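Chain nomenclature is as follows: A, B and C, assigned in order of appearance, with residue numbering initiated at 1 for each chain independently.
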Amino acid sequence: MAKYAGLSRRRFLAGAVGAGGLGVLVACGNQVGQMQNAPYATNAERNAGSGTVPAAVQASAATPAASGTAMTGMNDMPGTTTAPASASTAANATATPAKDWQAMSQMHEAGVKTFLAQPQTLRGGQRMEYTMQDGVKVFNLTAKPMQWEVTPGQIVEAYAYNGVVPGPQIRVMEGDSVRVILKNELDEATAIHYHGLVIPNAMDGVPFITQPPVNPGESFTYEFTARNPGSHMYHSHMNSALQVTKGLLGAFIIEPKDRSAYPAFDQEYTMILNDGPLGFTLNGKGFPSTEAVTVKQGTRLLIRYMNEGLMIHPMHLHGMPMTIIGQDGYLNTPYKCDTVNIAPGQRIEAIVECTEVGAWAWHCHILSHAEGEMGMFGMVTALIVQ
Amino acid sequence: MAKYAGLSRRRFLAGAVGAGGLGVLVACGNQVGQMQNAPYATNAERNAGSGTVPAAVQASAATPAASGTAMTGMNDMPGTTTAPASASTAANATATPAKDWQAMSQMHEAGVKTFLAQPQTLRGGQRMEYTMQDGVKVFNLTAKPMQWEVTPGQIVEAYAYNGVVPGPQIRVMEGDSVRVILKNELDEATAIHYHGLVIPNAMDGVPFITQPPVNPGESFTYEFTARNPGSHMYHSHMNSALQVTKGLLGAFIIEPKDRSAYPAFDQEYTMILNDGPLGFTLNGKGFPSTEAVTVKQGTRLLIRYMNEGLMIHPMHLHGMPMTIIGQDGYLNTPYKCDTVNIAPGQRIEAIVECTEVGAWAWHCHILSHAEGEMGMFGMVTALIVQ
Amino acid sequence: MAKYAGLSRRRFLAGAVGAGGLGVLVACGNQVGQMQNAPYATNAERNAGSGTVPAAVQASAATPAASGTAMTGMNDMPGTTTAPASASTAANATATPAKDWQAMSQMHEAGVKTFLAQPQTLRGGQRMEYTMQDGVKVFNLTAKPMQWEVTPGQIVEAYAYNGVVPGPQIRVMEGDSVRVILKNELDEATAIHYHGLVIPNAMDGVPFITQPPVNPGESFTYEFTARNPGSHMYHSHMNSALQVTKGLLGAFIIEPKDRSAYPAFDQEYTMILNDGPLGFTLNGKGFPSTEAVTVKQGTRLLIRYMNEGLMIHPMHLHGMPMTIIGQDGYLNTPYKCDTVNIAPGQRIEAIVECTEVGAWAWHCHILSHAEGEMGMFGMVTALIVQ
């Protein structure tokens, strides 16, 4: 595998950064966490927000003007044409460099190193066990608040099915009889919608339209036949802008009985995109806690993209194209691209012929969902072809 | 039709909610209106905005901490990890539940009941009468400010053609000679662009490029042949970010002379998406005033989606897939999906085979355009298959 | 060419506007610049922002209430239902018109006139010269901060390759050996990613994953074979949300050796979309400095759309449809439309049969990226068919 050798080299902060640099680093960590935690912030807001960070930096730094300047680059983003001028004035006044780029690079590298080491962390989306009862596959889901680690040390209040974000993956065969028993241990009512499934109206999970809400402490049983194969989802359909973005979601995959119409693949990966209280996440984690996907050269990798967030996420894979084969469980005329736009609620199926060896960045190409001054965060992972 | 029987049952607020609960309800109503009215608010802003609601609630509530907590759930959304902690501290201090979920559910149900009863309200987008003059179909449009009811009791200043939002639907046959006489009774200049129509440049409606603006009190006559069939639009092309989102828009449908290349359908529905000063709207109305679409089982329903807003709206239909047959009046290779992303300016034509009986939710899957803590609002309606 | 004759007529402010009118005009100019400069502002923020403009207007105007009202139309946008009432009260109190629509129109016309005169300005994206060294095409790129003129008189700090935004266009043949030598004269580290190119992992430009970052004052040499034809891009992959939106980007076009599978065209135009510190731009310029595209009737025009911004931009061409032929360098099943949604990172290829004579507006249909109260700005240009 062709990987930059420098990755294994420890890089130290330039001595010149001094006490201010340490202050900067502490603040940077906070800032990164803050970014991951505030995905809805527009750049203007982030601008305003990050404007408070330098203040903290200034307070803790030996060379306030320089550190402040170093951290305010983000401030330059939306139309503050006067800012650079005043910043450089400040820099000149204290005879310090305009930007602490070494600190920026060091934070950037630290993130990449953590990612490549793939931190141990509880991951969601694992395939769920079921029990068979009279020919019915029975799945039990409990919705409950929890503290969820999005990135190392960044713990956020989430709502989770069975203690993980995303909830466990439900996977059945076309034609299966399915029962899902939902237990609500939240402090608000909820319900599950089976997004994409063709099922009886009474099982559709829309409170006050197809069922009463499932109140705190109550349970509700959904029962239906898995009719239409595809990459579907299950998620809350009550107070959903909050409950889904907080974690009440999971993949619901129905395998087709007859695979003959489907393109062949060797390995698959489900990637659930989300944005909200947990930040910008891939399968419930932000970079550097996102999961790297490793395959052998020549693998045909099926990717099941699912967007559970409130924003579009155009996912870009470096190194080799994706062939888009279907949406929402229905095959389309295949077409190739390297950046596929997934809108909220959509599931896009793509196949990658993993011909190129290396560690290929794989990220949302709304760059502000993936990288800040202090390095990458949020919706970034890698496809590693060995 | 399978419909949740509980819908006809009156549900009362739990007595435990008490005086605080009533205060909450009043505040909730305001909050919902506020949400519908401020679609551009990012979650961070909504967060800040809803932060002011609890204050009002606290002022009017007997148990301020509890009610305040009940209303601040939205506050948890973007990255306020410390908020839940302080909220629960406050809750513990007063020994009240962390959330007034009963009030939330009650508001939610009230909205659904209003929707299912389909409130009497002035609706726009009705097909427009024309007069024939020497073989020309003549349509008269007057642009004028008005007070428009978006949801029951929520009156907003709109700009309207002929007193309705959307403006009346213009529908002609391919090859027709068309005359549109615009009278401007606004307090600013305007002009009409025929979005999607292939017409002479002088009729294209772009002020200072193809025509002088139509000043307040003036009229302008557009005349052209309807050449290219399809689901098109007419709307203001001056100060358009404001004028179009305030209501100066309508469908302009040109029926093809030769239908042989077009898929058959039994019934059709035009759904114009908008966001802006009127909130998140479907055909000028926000939930629960949105129009439910009722069909008999087996109907092939043609949907003409049109986006006149400033944001994408991925429309999700529960229960059965849509077959996308064309965009902007041009047929494409059909493909199926359940969530179709419509970008501003686009018109997407879809056919739904209405095979599944029930009341199927149909909404924008940017969940924050469709549901808040107090229930559904904005871009939500239902397809009712009988 | 059918062009509105009124364009050549000088229009004066109505005398009634008086001293207040002049104050308004000064303020308007600022406001337009501000809008172009703050693309990330949501409408709510713009609302707040534009709210400060009327204050300035009031200070300088003889009839403060009226002028203030005139400029606050934008304020009405998101959900300030009470504003119109209070505004009209103010207007009544001073017996002045509610809006200074003449001033609005005059600003609007001034912009169009400037655009149609096509102001002399340094433009980026010109095809880059290379040197041949041992059969390798060598391109030199220097990244450096600079002052970039986005619209007449609006100078913004940009980061530029070789002093232009977008950077010069790199264009090679499929199979060519290519060397790009990057010199970093920024005050922060950088690196170049070849977006869409299938190249060795070590040349992919992702700091700390495929290479060390290129520090200030350092150089880095990229070398690879141009394998996959198409409309690709090169841009920074470090601190990219800032560096790319500030201008470190360019087109990287690989011409196919075998054109037989490609639709024929007569003329081509590359349009790079961006949003960020430079405002909403087409090829680094905001309206009225954007470049008009002029063709003779009958021309088949190939458009290479490329989105380097952080937002989607649904580009709408008036007058005649576009045929979408491919994405990211891969041909698709052609389909026609008049509004094509380009997501960040995507490149869309379209062919327009320029059958209709006239000056056709061509703009992002997120109307708030293209027009404000004072006229058009940002992502607007025209296709002029002679």
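Keep this in mind: a residue touches a chain if its C-beta (ideal position, glycine included) is under 8 Å from a C-beta of that chain, and two chains touch if they have at least 3 such contacts.
Given the structure is predicted, the values throughout are model-derived calculations rather than measurements.
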Through what angle, between 0 and 180°, must subunit A be rotated so its C-alpha atoms fit those of subunit B, rounded to a multiple of 5?
120
Over half shared numbers or under half: where do the identical copies subunit A and subunit C land at their interface, same or different?
different
When the C-alpha atoms of subunit A and subunit C are each averaged to a single point, how far apart are the two points in Å?
29
For subunit A, jot down the residues that touch at least 2 other chains.
42, 45, 312, 333, 341
Residues of subunit C defined as touching subunit A within the complex:
34, 36-42, 45, 155-157, 187-189, 193, 195-196, 198-202, 204, 206-213, 215-216, 228, 237-242, 244-246, 276-277, 279, 310-312, 327-330, 332-333, 341, 343-346
Residue numbers of subunit C touching subunit B in their complex, please.
1-4, 6-7, 42-45, 73-74, 76-79, 81, 84, 97-99, 101, 104-105, 108-109, 112-113, 116, 312, 314, 316, 318-321, 333, 335-339, 341, 356-361, 365-368, 370-373, 382
